[in-house]
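Order as written gives the chain letters A, B, C, D, E and F; numbering starts at 1 within each chain.
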Amino acid sequence: MKIGVVVSEGPYTHQAADSAYNFVRAALAAGHEVPRVFFYHDGVNVSTRLSVPPQDERNIQENWTALAAEHGTDLVVCIAAAQRRGLLDANEAKRQGKDADNIAEGFRISGLGQLIEMAIQTDRLVMFGD
Amino acid sequence: MSEDVKKFLYVNRKAPYGTIYALEALEVVLIGAAFDQDVSLAFLDDGVFQLTSGQDTAAIGVKNFSPTFRALGDYEVTRLYVERESLEERGLSAEDLQEITYEDEDDDWAEKPSIRVVSREEMAAIMAEQDVILSF
Amino acid sequence: MSTLHTVNKSPFETRTLESCLAHCRPGDAVLMIEDGVYGALSGTALSDRVAAKAGAVKLYVLTPDIAARGLPEDRMIAGVTGVDYRGFVDLVAEHDRTQAWL
Amino acid sequence: MSTLHTVNKSPFETRTLESCLAHCRPGDAVLMIEDGVYGALSGTALSDRVAAKAGAVKLYVLTPDIAARGLPEDRMIAGVTGVDYRGFVDLVAEHDRTQAWL
Amino acid sequence: MSEDVKKFLYVNRKAPYGTIYALEALEVVLIGAAFDQDVSLAFLDDGVFQLTSGQDTAAIGVKNFSPTFRALGDYEVTRLYVERESLEERGLSAEDLQEITYEDEDDDWAEKPSIRVVSREEMAAIMAEQDVILSF
Amino acid sequence: MKIGVVVSEGPYTHQAADSAYNFVRAALAAGHEVPRVFFYHDGVNVSTRLSVPPQDERNIQENWTALAAEHGTDLVVCIAAAQRRGLLDANEAKRQGKDADNIAEGFRISGLGQLIEMAIQTDRLVMFGD
């Protein structure tokens, strides 16, 4: 079965990004497909490569990046939500005249249409948020 | 209705301005309208506060997005279900909400109200017939 | 010695206002801000419980947040006083401490 | 045709579980996760209302979230079934749709 | 007590793990302990869940920070007020909480319990005698 | 009177950063001093210079930066909370081996001790959060 997943809250602040990660790992292990995870609202903050969590804590961004590398899951960060919150890739930074970018490997910035498309093309949609 | 059309319900349960969920939900609805799906919006619990008339955000320095609801008809989003019990618990009635209308192309473009006040039981039935439920 | 309590949550969504009122002492003040202003609405399922506190505790509501949410000031519970940000500042100064109910 | 509802808020803090249960239909399932797992505790001020729903609606609780919070599984309301993440996935697959009560 | 010493109360009203407030509150308490102020912690509403014994976060992949509460005594943070009514509403009693102790330097370093279960009215009185209230 | 302020939630996501800003402006206009504002929890996200809010919305970071420039208010971002969430200044980026930084002008990163110090040295403490 194809399952689409939405993450709506920021990492560390809320358990949503952890719950979603555990859920996706379990879904893949059970033989389901998770073609895409969409990051919206504060969920876009998961994608920053600049976070430095304490060494005895999990690294949420690295967990997701590794998952994408292993399973080819498409990690999409909503561009509108990301712009408000200061998450940019190199292209966006250039376009907006910003002097730095901060998106981690495995994540890509795209439009809300990717959320709707995911909902249309999957059999189930599961949302994690606050 | 073609097989590619799914029933989408956007569920709004949070008040406006205190948090961004209401505004960012509306942004999804506007983008989603381009996908020719069967779209409805549900307002229950504190979500009914999103639709009050006379919102004036000048003194808090935040953008007033409530006029956007009136544009939904132009995007062919014409069904805004509002739960009666949620209104009543909050001391509100349909008269406290802004007027939101659409032009019905199947009825000679007659102007009709988009807001439909429904009971909690009807709301539960509406939720149960969807393919996709997006929660905000 | 008295406390200014601030509440920024809708009482229809969370039990924060309830907990705040249960911990107020005579002479304290409660200021409802942000989504907390819904707690000042009259004619709701909760307004009797809020109104019962007015008197022993002074109840205030931030008018800019009331206006943003399209709530008419004449729909506020009797005994709730509207203040603007300047009034908020004055309340902070007049009370010995501020306790935020987050 | 049935729905899996997920609830991730403590029922002592917000009214989310209450609203979810009021909108469930017979044959639906409710899975409590994250801080929502407190809704499965027996002997609380709210447990009778939750227990009354067990039967018409199937109640589940995510055991990893129960363990994290130090709640003994034998303190769960009778009729609430514990599942792990794999069980969560199975519930998603078995129901026609998932509705998150955020 | 010198004039430079203020009474600080850290108010904990949220459950652990679902959100970060409990953990980041504890980080403030640990840093704050270096400032030689008069420090107390209050646990009420869902905050009482922070103190349950037997927390095991292995299966959610999140750090278990509950052992840190037992270290508070070493930082001379020795008063953890827990509201009885909050416990009761949640079906909990003091026996469900982890044991947290400190060594009383004024009593020949006798080991004493840091957790003090108080009534709602007592909690309100404790709040009312503080100089600074930090809410989490 | 000296008033200390804490901002505990992220910009745009929650009204806290706006409410705090309006409150501080009013306090200064009333003749009070606001020597410091401390950003904690997701409040640290206010300090990113990479955000690009829609043109018809307020720019929360720029509001705070302007306020600091006008009044000399010390805007302190908690280092521990900032590291978790990917907010870094140039020094921190170097120290952590990160290839970019994102703190805006007018904000500085420092320890939680600055929060305690503020609470000790001010007459009142007002917290905005969730």
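The rule is short, and it goes like this: contacts are C-beta pairs under 8 Å (C-beta built on N, C-alpha and C of every residue); 3 or more make two chains touch, one makes a residue touch a chain.
Nothing here was measured: the structure is a model prediction, and the numbers come from that model.
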| item | value |
| --- | --- |
| Chain separated most widely from subunit D, comparing mean CA positions | F |
| Self-contact between copies subunit C and subunit D, residue sets same or different by half | same |
| Most distant chain from subunit A by Cα centroid | C |
| Top-ranked pair of chains - ranking by C-beta pairs in contact | A-F |
| Subunit C and subunit E, separation of their C-alpha mean positions in angstrom | 27 |
| Subunit A and subunit C: spacing of chain centres that average the CA atoms, whole Å | 38 |
| Centroid spacing, where centroids are CA-atom means, of subunit C and subunit F in whole angstrom | 26 |
| Residues within subunit A bordering two or more other chains | 12-13, 15, 19, 22, 41, 54, 57, 80, 125, 127, 129-130 |
| Of all residues in subunit D, the ones touching two or more other chains | 8, 12-13, 15, 34-35, 64, 84, 97-98, 100, 102 |
| Touching two or more other chains - residues of subunit E | 17-20, 45, 60, 62, 132-133, 135 |
| Chain-to-chain touches, reported pairwise for every pair that qualifies | A-B, A-D, A-E, A-F, B-C, B-D, B-F, C-D, C-E, C-F, D-E, E-F |
| Complex contact set, residues of subunit A against subunit E | 12-15, 18-19, 21-22, 54, 56-58, 63, 130 |
| Subunit B residues touching subunit D - in the complex, by the definition given at the top | 11, 13, 44-45, 120, 123-125, 127-133, 135-136 |
| Subunit A residues within the subunit B interface of the complex | 6, 40-41, 80-81, 111-113, 115-117, 119-120, 125, 127, 129 |
| Contact set on subunit D toward subunit C in their complex | 12-16 |
| Subunit F contact footprint on subunit B (complex, rising order) | 17-20, 60-63 |
